[in-house]
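The following pair of complexes shares a single chain, chain A, combined with chain B in the former and chain C in the latter.
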Partner chain A sequence: MIPLLKRARHLLFVLLIALFLSGFIVFLSGGSPRLFFLLLYTGSMGDKEVFLSTLIKATPLILTGLSVAIALQGGLFNIGAEGQLYLGGLASAIVGGLAPLPPPIHLPLVLLSSFAAGALLGFLAGWLRARRGAHEVITTIMLNYIVIYLTGYLVRGPLSAGEAIPKTREIASSASLPIIAEAGSSQLSFGFIIAIVIVFLAYLYLFKTPFGYEVRAMGRNRRAAQRAGIDVGRRMISLMALAGGLSGLAGGIEVAGLHHTFYSQFSPGYGYDGIAVALLGGNHPLFVPFSALFFGALRTADRTLQLEGGIPRDIVLIVQALVIIVVCARNWRFFAKLIRRRKGNEIASSN
Partner chain B sequence: MGKVLELRRITKKYASVIANNEVSIEVEAGEIRAIIGENGAGKTTLAEIIYGLRRPDSGEIVINGKGRNHLTPKEAISLGIGLIRQERMLIPGMSVLENIVLGAEPVKRGGEIDWRDAKKRVKELLPLLGFSLDLAKPISSLTPGEKQLVELIKLLFRGASLLILDEPTSHLTPNEVSSFLSLIKRLKEEGKTVLFISHRLPEVLAVASRITVMRRGKVVGTISREEADEENLSHMMMGESFLPPLEKEEVTPGKVVLKLSGVTVTAEDGRLLLDNISLTLREGEIVGIASVAGNGERELALSIAGFLKPKAGEIEIGNRQANFLPPEEIKRLGVAFIPGERDEEGLILDFTLAENLILGYHRLPPYYRFPLLSIRKASQQLLDLSSRLGIVPLDLSLPLNLFSGGNRERVIIARELFHDPCLIIAENPTQGLDIAGARLVRNLLLAEQKRGAGILLISPEVEELIALSDRIVVLRRGRIVSELKAREATPKLLGRLMTGGGG
Partner chain C sequence: MRLLPLIELSLIKATPLALAALGGLFSERVGVVNIALEGMMLAGAFGAILGAYFTGSPIIGVIIGSAFGMALALIHGITSITLKGDHIVSGVAVNILALGGTGFLLYRIFGVHGTSPSAPKLGFIRIGGDFSLSPLFLLALFLVFSSLFLFYRTPLGLRMRAVGEDPEVARSLGIEVAKLRYLGVIISGVLCGIAGGELSLVDLSQFVERMTGGRGFIALACLIIASWRPGRVLAVALFFGVADALADSLQLTNLPLPSEFFLSLPFILTIILLAGFVPGVRPPASLGKQIRED
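Right after this comes the complex of A and B.
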């Protein structure tokens, strides 16, 4: 395992390079890179309202990021986080809409139902992979479409609240997550704390339990894991179910903590962004929240960029893409060398 | 003749380990230079530095008179350096010809690969090797010896004149070894320079003109073939350490631990892999399986360990019917399996030494205390275990891909033997080990026998089978063709039985 400090340095480095390149792109398109960086900062953490908004957006990203990361630790590619999030969101909206129950029962039930719904989808993909050999990339992508359109139909038809917007009825107040901080229009729910706790649980699972050990073994050398007597098929199924559950919970927290209802086109791509979050976090649970925070900040800053800087909000998509490219182009050492050399030159010329 | 290669004070460290410590070597054109040393002496690192796969921390590489700090593989190839690594670098699904030209394809003007030219040039090389080979065959259908030849032709196709061969015979059967060695001599006559990296003294003595001995990252000395014999070389390799004698004792066999009756295994295409095998193994008994590679010995091991399900027949382990038990339950019965393909089946190279030492036993105390894994608490035990097998470097937190091949084999042996198995299936347990390491492992197997374990020993080395086994079973085409007492066996007799040769 790479030491944590080294990983942290790597993460920071990747971010700096990606930001630098994005600044360059802003410059090329005629904007001011200085303004861009300034607005990126003020737009995501300049005041309490936007900072809370960043945390709100980071919450589902932490969970979908973890979902993708733990699956990848086991050598499985969970592209299905988006669909799992939708189904989790729908399940919690249904359970949350039941007649008011005592909050200590109702709320956990809502969150559990979202986890279970996501886990069901993950289980299905895992089962298809382990027992039928259908690749999880294909099945999870297909399941995404099925779930997104199915839930879209349901909120227009059988589960519709009967309003113009296709959505479910509001959930009962006993099913809502308490708000822990608010400023202006931003209300951060207890869901953020849950996500952070789950980060540590995921870390313990992967690195401190025999299950996690087996998952990591399977992800690094499936044949050797099998020869060591690990039931690889069963591990795959349970891992995908767990990954699906985490994404489902992301949907549940969105409903119980933020929207209080489930509507069609519910997620702005939190599931897919989870892939980027995991990638930037090096598939390590402890780095996922930082990476999620970064992407959450980008998503929050895009409005300010557009309104105050006249920089098209699509620039954040470019930054996101650049981050992914820089992470994937493992050869970031090249950049490091470049910088070191330049530093060397500076020192030499200043002498 | 001039020097083709000169290494000056090459030093390379990995984390805390010094793999090469101020290594200086001079190689003359047209010689066969052997570089020998025990596992982990730094031979492979040196080869990788010469070929440009690794960058030395300090030192100078002088090639044809021109010095530099380091090379890239591209430069190395253009300078006529070729490397055969310990691990195979062929693509099994592609043909012999495709593999040979890969990366150096002759191209027609339109950008299309010129297969006709490629074929012509490869065919010109074949007689040089005194060898014929169907170029259209897929690599997967070749014998280990043929694969090694393809690797060699690959280098010659790229115009290599300095050939670095890193443990080139470790995958070969005894017959293939001798023809491979004569091939190397022929290459020398063609004017090639060869760096022959090995720890097998007889082979080194058969081909080398000069021999450089390495120990713990340093060059101990270089002597000419005339001065060298097995004794002084092994002394140089091992330093003051002495070779303990093989401790084979008479052990009275106990209860039956393994019983196969009429076991038949077929491949998916219906081919018979194991044909009606019946076999008994008792506590405190070593039964050797002698066969030419690919005659069912692998399938025998895999079906006992539960990875292959027999079509007919019964397997009993202890007194339990084990035919249909999954591998993890068979393991729980106390069956240790030392698989033949070390890196692919036995180890997880991205895991640390500690994580590899508990693989498959990670749900047992002391490594597991519900609900958490506690490797750290068992670390003293794991350290003792590693040092007993002489694993270097002795650092539990180092990832296994930093260990040399011989040390990786020791990790598997350490893990499988020290969890008190009642049945051990050992597939080629001394592969890639140096003399001392092989002796150590053999003595450990004998100690396990004395403790009362039943051992099924599968080995391509007939001498090893004869030295360790009580009985030897000869397999040919998935069938038991003969069974004899080890005392009555000779390498010659076994060879004849294995190949089915008459007389």
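Right after this comes the complex of A and C.
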């Protein structure tokens, strides 16, 4: 358990630095850091309504975070979570719009279709990487744009519900996830429980199965894994498909649990947020929910920050970027060295 | 369809791609992966409007834009060179920072979301008859040829390439590896900043949130397809420019295809090109690798 404790400490440390830096940026732009932190708190956990909203926003983030995290465990960078989420959302809206079926059949079908749609995109990126040598970072980014344009066209044209806002028809009630908690305008669906269950499944998969072991071996040292007889190409493809599926499911739960329809510009960037969620969680499935909760809180507080604090909602993205930078920086000793050198100079000049 | 306007449009579309891809070349040729081209372009586009709006001079705008691109490049450099972070992760952070930073400043400075007020446009240079060119296209052309000269005819260029191929050997020859890596990354920021200026001050005369719309990533694809060589970068950027211009003009005809098809065309094209065998693609050998501490 010691590595887990260490990881938790690291996560808190990163959060504190990133929050401190963001407070500093607010200060530089002429705002009040105290108000910033206060509104961040009241805007995301101040009452039951906003707290539920934080959980609602954390739900897709848990899944896209897991998606990025498991791919990274295998040494692959899935930047395509956003596109996979869109395609998953669209698929579940289509299946959910079918004539009402018995809920025990319809609902799983909806969620499975979203998983399958995302997995298809992940599979494509994995195949391009393993078999054609096209780097997954580039192809998943390209696929994001393609899918967002494609779904935008579909809900404007062939799949349009015929209303002013381009969106699909409402899904049947037999396709909706049940609501488990409610306060004001916030309705938390059963999707949150599904996401938490999947966290544990992802943990077991990565750390308790031979497949997961092979994935992690591949992530540590691809060539050594290959020498050890692991079919790296096949693992890459299935890993990307799995990662894609998780992001697709995030889209499916958004449709079945929250929006009950799919519209263009469906996600405010939950797929990209997934990158920060995974990195802050050290790519460990068990830490992903905590970091998703943090970014969900940020996304929830952004309204309050802007309306009551005059702090542009884009501060959320800035915090995110800072978190990523702090996590990705390896050579912190550089600063220690710099300070030591400065002190050395002072001593030298005082002599 | 008349040919001359099509060529004109192609060159307009190709200019930001060529500039940003050339920027990426400077960074990657010294071994630093740069997927932050998109973000540095976006920051450049914003800086250009800021400069042009407050000084009334689009030329100063472009200069401020390149400074904005450079500032982000510096962050990418510090994270990936000095702090030895993963280059791709750092690039992701810079892209997000650009997105959030431009939105933040847009609201703080102009009090709006989405679109900035208009600023004076950078004029075209008329080259006989009806044909005119963006001055930044000429700049891009000039920069491509000067970087050919720099990389293949000067000691500095040779050293930069050496750092990108094998930093250890380069160090043993007395080359200051980290410094040259910074130089490459910073030049990439300046060029991407100018590319952003082309978008906000030549194509339009205002800044729109997310206005780069993935062009930075297309520029990155140009760079890969061009196998990290300046001459080919220009050729590939021109190819994408023509494709983009054709898509634009086809959109105006009555083809039964949705606009989204044309918008996603460059991305589809990129995947096909990357998946097919582009002959002779070889990245700089130390691309993405960390350098040892001195």
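Throughout what follows, the second predicted complex is superposed on the first by the 328 of 351 C-alpha atoms of A that agree within 3 Å, B and C clash if a C-alpha of one lies under 4 Å from a C-alpha of the other, contacts with A are read in each partner's own complex, and residues count from 1 in each chain.
Criterion: a residue touches a chain if its C-beta (ideal position, glycine included) is under 8 Å from a C-beta of that chain, and two chains touch if they have at least 3 such contacts.
For clarity, every value in this text was computed on a predicted model and none was experimentally measured.
When both complexes are superposed on chain A, chain B and chain C clash.
Legend: residue contacts after superposition of the two complexes on their common chain; A:Ala93 is shown touching neither chain B nor chain C. By the touch criterion stated above, A:Gly157 is placed in contact with chain C alone, chain B being left untouched. Legend: residue contacts after superposition of the two complexes on their common chain; A:Thr209 is shown touching chain B, with no touch to chain C.
Once the two complexes are overlaid on the shared chain, A:Arg223 sits against chain B while remaining clear of chain C.
Using the contact criterion defined above for the overlaid structures, shared-chain residue A:Met236 touches neither chain B nor chain C, since it reaches no partner. If you count the residues of chain A touched by chain B and by chain C, you find the higher number for C. In the superposition on chain A, the residues of chain A contacted by chain B and by chain C do not overlap at all.
Partner chain B is touched in their complex by these residues of chain A: 1, 204, 208-210, 212-214, 216-217, 220-221, 223-231.
Residues 35, 75, 79, 82-86, 88-90, 92-94, 96-97, 99-104, 106-108, 113, 213-214, 217, 220-221, 224, 258, 260-261, 263-264, 267-268, 270-271, 274-276, 290 of chain C are the ones that touch chain A when the two sit in their complex.
Residues 29-30, 77, 79, 128, 132, 134-135, 137-139, 141-143, 145-146, 149-150, 152-153, 156-157, 272, 275-276, 279, 312-318, 320-322, 324-325, 327-332, 334 of chain A are the ones touching chain C in the complex. Every residue of chain B that touches chain A in the complex is listed here, in rising order: 305, 307, 326-328, 330-332, 337, 339, 344-352, 355, 359-360, 362-363, 368, 371-373, 399.
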